[in-house]
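Remarks on the structure that follows.
Chain naming follows the written order as A, B, C, D and E, and within any one chain the residues start at number 1.
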Amino acid sequence: MIGALVRRELRLSLRRGSSIVLPLAFMALFVLLCGLALGGSRPELGPGLLWLAATLSILLGLERLYQPDQSSGALAQLHLAGVGSGSIAAAKAIAFALTTLLPLLLAAPLLALLLGMSGTQIAGTVLSLVVGGPALIAYASVSAALLCAQRGGAVLSVLLSAPLLIPVLIFGVEAAESYPALGLGAVQFRILAGLSLLALALGGPATVAAISANRGPA
Amino acid sequence: MIGALVRRELRLSLRRGSSIVLPLAFMALFVLLCGLALGGSRPELGPGLLWLAATLSILLGLERLYQPDQSSGALAQLHLAGVGSGSIAAAKAIAFALTTLLPLLLAAPLLALLLGMSGTQIAGTVLSLVVGGPALIAYASVSAALLCAQRGGAVLSVLLSAPLLIPVLIFGVEAAESYPALGLGAVQFRILAGLSLLALALGGPATVAAISANRGPA
Amino acid sequence: MAGSTLTLRLQDIALSRGGQPLVAGLNVEVSGGEALWLTGANGVGKTTLLLACAGLIAPDDGKIEWEAGGSARTPADVAAYAAHRGPERDGLTLGEELSFWQRVSGDTAALDDRLAGVGLAGRENTPVAGLSAGQRRRLGLACLMAAAKPAWLMDEPLAGLDAEGRALVERCVSEHIRAGGLAVIASHHPVALPGISARKLVLSA
Amino acid sequence: MAGSTLTLRLQDIALSRGGQPLVAGLNVEVSGGEALWLTGANGVGKTTLLLACAGLIAPDDGKIEWEAGGSARTPADVAAYAAHRGPERDGLTLGEELSFWQRVSGDTAALDDRLAGVGLAGRENTPVAGLSAGQRRRLGLACLMAAAKPAWLMDEPLAGLDAEGRALVERCVSEHIRAGGLAVIASHHPVALPGISARKLVLSA
Amino acid sequence: MLTRFANPQRFIRLASWLAPVLGISAGVALALGIWQSFASPPDAEHGETVRIMYVHVPAAWSAMAAYTGIAVASLISFVWRHPLADIGARSLALPGAAMTALSLVTGSLWGKADWGTYWQWDGRMTSVLILLFIYIGYMAIWQVVDDRKRAARLAAITAMIGWINIPIIKFSVDWWNSLHQDATVSSPGAPGLPPEFLAPLMTMALAYTLLLAWFVMRGMQAEVAAMRRARRPAPVATATIEAI
């Protein structure tokens, strides 16, 4: 069941961008713009920029995560068809991670090239995104699900998720920066992993509850 | 007529964000995130970050500029009501500037606080945004209008506008950075102003043509 | 409302949608004071034909001409189009939406009168998103009347309306035509227009 | 299709929407093998009542109970709801959309049969956004049938359909009810169900 | 219908002999140019890597020329709605983009050899990269917009506004103080090249031009053929008018 839901999500987001190339190109463009705006080679900004890109692309995707299915009535129909809110939340989160974080990880080498980052710096950033990603996705899911039935809800859910995302961002950047010296064992990585577990434990049930509350029409 | 159109646009975008406070908060959040991700006081990044924020918020707004009115049939009805594509383009551009660039300018002092920028640095950045803003808006209008009838058009219009926006971004940042030393007379400011005029001269008619080509249903 | 010389002439029209041809060799002429009822199976091309009459899509072949007062006109000069679903945007209230379209068409009637005319009196503060299906159709009718054009292109004007609403539409169309206007109406149900000269155009696959 | 013991019982229902009260003190009971035709003026609350029966909005007061095989059920167990506008998303093709809903409801019929059953044969690659108004309604009907639930809640099932489509809906509903199902149908037009026991519930303001 | 296709008919006759001629002469010129590039002496400043120039510089020129061609054809298509013009513009896009990519790749290889870095945020490099994006965007519009007439208009608008990038590329070396070579060959007052470098450069430039022309001919032939092959299927509906 979750497979079918994930496939549908992926199809929809690929159709929006016409092909799989475009989300990737979009991310590459962001990185390029950063490179241009902040001027030439600054390897030390790399982790921050990639984490910023991750956070932003997640914030920007919030609006499209639950709102269209809520307003078209698909959430209601899924409920009537006996699909649990848990499956919906899981499928949406998986698809969301694949369409926001994955392009970013694939575009990372370009950033390396543009900013002159070293291999270990890139590796640290990518690893920190992999470890911290679940936290970003979990918090984004909650705030998107909470306000999906609200007309002006998108902006508000961005504001709602910000305080949750900021600690993740801060520790993510620190973990990425500590990697070249300390590797995966660094305490920052452990904190980040803890944040992710906490976010899953809190965000999962909260998302499910929010979906159940919001499946009816506005 | 343009007044009525602008009022409608502003209403719609304020409703989306529930109030006038939210776009502002959103921009402040972006600036805050940048500050956090890139670490403490770095006044030299200020102009780049603000220009980046401007470009991004414009890119993000692209999808909402023409697409909803195209798909609801409002563009077609405006045409039948005798409203020219020129008025539509002008009204949308004005409202777009007010909802994307203005919050940014209002959030600029926060950036000053976060990054330790000086007054003249902030002034230079704000002035460069004012001078270069028309170019950003003009190019954004064209690319939004070009693909508003396409289902997956949003991502593509971002890609289309990027090559047009990049020179503006580069010169904008240069102008902002040259301001503390050279003031408004700097050659960078003159180039930026030239780019803006050029963008208006090219982008205006192109937007009008694109609206006319796209007002029918997809 | 322009004089009785208003004419819509379709000559050898061929239409297609999404690359798929729908109709070819269609000839018909409608004049002021007349109604044309367009009917045919789902997906046969009624909406597409209305869009072509409104100048919103170009026919593959043939000519669509509007004439008023003896001279050629553009669709935007003479025609108003009430689509299956109106141009309203969900963020606005009913009052904001309707008065915007009044303003744009230069309609001077009071907002309250327009609302009352379609049975939506006292609802100007309801958000458009909170209108029932039939109330939305009524808003569309109000916009059509506000446009004050001599030619009405109507897509399924009766769908979703209650009996009183259907009578309202029929009355409005009759009045409009009696005043010299013309109407092209795509509908699966007959629109009763007593005393009005009407023809039926059946598109069949 | 579940047995003939299926029952929907509305007891003293009060409904409101957007803070505005619509219906109060409504009592009605519908059982398998029966149809309830819901009618009333635009905006009176027909859609709202259907939503309440589907468990998608809570009544202000009173109880809505579903019962099948002698035990209480949730709406999700027994009811399928065909909204005025379906849950389809514009990015998908007709085939992708319908087979997703088939998959979700565990429907084992072949996609082609489902499409042919509502007169959309051979159109599985049409994007949903490129369906005409009536074709969309047919897609909604196909989803309803794919859900294979004993209770059908239908909102304006005839709107936008051609004569053949209306006959199709009436045939499907009749068959469904004859097989022991029940149907609650909000419609401004009578749905002809020859030989089926049907009642009419008129909501009036 | 007939008048609209009269022109393409004449074009097909022309293309049927012009295309092979262009193709063969492009091949010959290319072979000659490659031989000349290896026969020419190494440069005092750049050494052996000067041979990259014979690929790089003509590629850059023809990338800009192809884009200008697209812009002009688009103008014609936009103003006179001439169907051949937008077919022409459309078939220039792919070879033009390929040339742009070629000049970027050879340029950055040359950069690695000469300046020790593949990429530099230099005005010319950036603006050529932007040109590549514009090409991609232009092609994407044709790809994405289903309705042919609308696609033609939208693509024409895109091509025309994108053209401002061409002068930016051209003059970027004057406006920015960049690492890139100033105009040596392509501007009237410039110092010029010694003949032993100039000859292979010019042969290669000719070869690329012929190659582009050949691609365009082939592309237009294919498009016109596809348009004629796509005979409209019979329309499904007939109309009857009844009085009521």
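Just so we're on the same page, a residue touches a chain if its C-beta (ideal position, glycine included) is under 8 Å from a C-beta of that chain, and two chains touch if they have at least 3 such contacts.
Fair warning: this is a prediction, and the values are worked out from it, not measured in the lab.
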Path length in steps (a step moves to a chain that is touched) from subunit A to subunit C: 1
Selected interface, A-D versus B-D, where C-beta contact pairs are more numerous: A-D
Most widely separated chain from subunit B, with each centre as the mean of CA atoms: D
Of all other chains, the one whose Cα centre sits farthest from subunit E: D
Most centrally placed chain, judged by C-alpha centres: B
Distance from subunit E to subunit C - Cα centre to Cα centre, in angstrom: 48
Inter-centroid spacing, subunit E versus subunit B (mean Cα positions, whole Å): 31
Computed distance of Cα centres, subunit E from subunit D, in Å: 57
Inter-centroid spacing, subunit D versus subunit C (mean Cα positions, whole Å): 30
Numbers and ranges of subunit C residues touching at least 2 other chains: 18, 40, 91
Contacts with 2+ other chains: residues of subunit B: 15-16, 151-152, 156, 159, 162, 166, 170, 218
Junction residues of subunit E, two or more chains touched: 126, 140, 144, 146
Contacting chain pairs - touch in the sense defined above: A-B, A-C, A-D, A-E, B-C, B-D, B-E, C-D, C-E
Complex contacts: residues of subunit C adjacent to subunit B: 51, 54, 56-57, 75-77, 79-81, 83, 85-89, 91-92, 96, 100-101, 103-105, 143, 147, 149
Subunit B residues touching subunit A - in the complex, by the definition given at the top: 15-18, 22-23, 25-26, 29-30, 32-34, 36-39, 45, 48-49, 51-52, 55-56, 60, 151-152, 154-156, 158-159, 162, 166, 169-170, 173
Subunit E residues within the subunit C interface of the complex: 1, 146, 149, 232-244
Contact footprint of subunit D on subunit A as seen in their complex: 1, 4, 8, 11-12, 15-16, 68-69, 72-74, 76-83, 215-217
Interfacial residue positions of subunit C with respect to subunit E in the complex: 14-16, 18-24, 26, 28, 37, 40, 44-45, 58, 60-61, 190, 198-205
